[in-house]
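Worksheet for the structure shown next.
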Amino acid sequence: MMTDFASILTMLDLAAAVVFATTGALVASRKEMDILGFMWLGVITGIGGGTLRDLLLGVPVFWVVNPTPVALCLLVAGVAHFTAHRVSSRYRLLLYLDAFGMALVTIAGAAKGLDAGAGPLVALVMGVITASFGGILRDILGQEPSIVMRKDIYVSASAAGAAVFLLGLWADLPREWAMLAGLVTAAIIRCAAIWFNWSLPAYRPRPGREPDEKGGIK
Amino acid sequence: MMTDFASILTMLDLAAAVVFATTGALVASRKEMDILGFMWLGVITGIGGGTLRDLLLGVPVFWVVNPTPVALCLLVAGVAHFTAHRVSSRYRLLLYLDAFGMALVTIAGAAKGLDAGAGPLVALVMGVITASFGGILRDILGQEPSIVMRKDIYVSASAAGAAVFLLGLWADLPREWAMLAGLVTAAIIRCAAIWFNWSLPAYRPRPGREPDEKGGIK
Amino acid sequence: MMTDFASILTMLDLAAAVVFATTGALVASRKEMDILGFMWLGVITGIGGGTLRDLLLGVPVFWVVNPTPVALCLLVAGVAHFTAHRVSSRYRLLLYLDAFGMALVTIAGAAKGLDAGAGPLVALVMGVITASFGGILRDILGQEPSIVMRKDIYVSASAAGAAVFLLGLWADLPREWAMLAGLVTAAIIRCAAIWFNWSLPAYRPRPGREPDEKGGIK
């Protein structure tokens, strides 16, 4: 049973890594990188979030134990180097696939946090980190505006999904049902945000009360 | 006794996390992010330095063991989303609070390094990392000039405080006194640097001996 | 024998750290940083790759165990603050030294991966990470175009060297010979790439099939 569950987590990690690696390769194509640049960005986007999660939890890093995700990300990025124009013409499709990948790794990340003995808040943070950190690294390395600078609903969808999963467990739902509920929540919120162009209100400075521009914040 | 000491370290980490999270939220306000952006930057700035310290030392990450700092940073960042104009109008006050936070985590970081069995140089580096790394992440993610690019006395104040703490221990001062001496040193140097606009001399290339501009450094 | 081998790895790490720290200090000089900026960039470039490698492998971080590399990087960066104009006038020499350093840490990193029980793919990735990650951090912190954005042969030379080393082991060469073969491969490819200005072909978007510019990729 435990083994089954662990292997489901592994498969979710794998499926999401492929989708994330594709988004990394697309950034590489926009920056007109060479094939090694595609591979770097593909691998980092694909496994960056899960890597940070495992380091923080103090458990063995998943792809050091079993490097299948790395091999898959390298393959995806290599193929994308020659076919990125086809991928980018299916850009909307990719956005929805990415929403699905985000939902998968959010729940898998939160579950792995619980398995490692963390409490609910840390498990939620692990879910969000797994879903977001690869994309943050991709944007820093590809010199794109970071995920944290954008206004669309991504981190919030991930956090909502993880919260539903944890609430489900707390309400004594079977683990599979709680996972499914969380997964569907995250995916639906994210897909709706893409479809309807939802965004959260941004902070607006009040006129005449501008922050002191001269000093940087240390 | 040990427990007392450990709980002091925990409280210092907590107080500093709140101050740091506030500076992260202020960067988020200048970039006009949404509330999730505030939370990301707040949490990363608040706990980034201590997280790296714990990973490097190979000890359990402090907020995975006890997530109070994460909860506090989220709360501070959430509140700041609605009140940042008030915070930024007290910008100078925040700079001094940040100096105090920096001094706290420098000494707490160095002490944690020693507790984990590290020698004095590594302990000093741990103090500086705990004080600086959250701010470095904040500046990278907020796309501000990084802390390492600026000329004001921040890292040096942190290093001086850690050095005084370690010298105090080496001179057989009671641990509490050595900590206090280091803390006061770091805070005073940093506050004086803010007050008097101190800075270290920057490297200036000699005219006529410009580095080769064409090649990047690999 | 094992001890001998471990001490060779340590010495390779040390020699490469010095070369890498120098490239970090040169970036600091171009950005006209103060001496602490030189030290941050020097230390991060010098030990960043090996640090990530050790974290991922779950082994104690090499410079926490023995801080000699940190001390050396600080020294090199401090000296460079006063002599960078001399170093940068020998810029081509530094590029070749860096090629040698890259070759050294690639093989040392891959060997350390194998020692920690990783399979060949993970060992190869560890070699590449050790060689590249310090430079990636340097470029992010120094706000230079990242190593992954450039088209010259660096990561590929590192990957080729690690592959030759692993193939040599697989073909039952003595470990020292396999290391030497890998080292020479990486260094020669990199030096030839510098000398002949080799680069890999970059991805070029097809005209009339531009990716959708409006949406960012999440």
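In order of appearance the chains are A, B and C, and numbering begins at 1 in each one.
We adopt the following convention: a contact is a pair of C-beta atoms (placed from the backbone, for glycine too) under 8 Å apart; a residue touches a chain by one contact, two chains touch by 3 or more.
From a predicted model like this one, the values you see are computed outputs, not experimental measurements.
Q: Among the other chains, which touch subunit A and subunit B together?
A: C
Q: Taking all residue numbers at the subunit A/subunit C interface, are over half used by both copies (same) or under half (different)?
A: Under half shared, hence different.
Q: Using CA atom averages as chain centres, what separation in Å is found between subunit A and subunit C?
A: Centres of subunit A and subunit C (C-alpha means) sit 27 Å apart.
Q: Among the residues of subunit A, which ones contact at least 2 other chains?
A: Counting only residues that touch two or more other chains, subunit A contributes 55, 140, 145.
Q: Using the touch definition from the top, list the residues of subunit C that touch subunit A in their complex.
A: Going through subunit C, the ones touching subunit A are 55-58, 118-119, 121-122, 125, 132, 136, 140, 145-146, 148-149, 151, 155-156, 159, 199-206, 209, 211-212, 215-218.
Q: Considering the complex alone, what residue numbers of subunit C touch subunit B?
A: Counting only subunit C, the residues touching subunit B are 23, 26-41, 43, 51, 55, 60-61, 63-64, 67, 70-71, 81, 84-85, 88-89, 91-92, 94-95, 98, 102, 135, 140-145, 147, 150, 152, 154.
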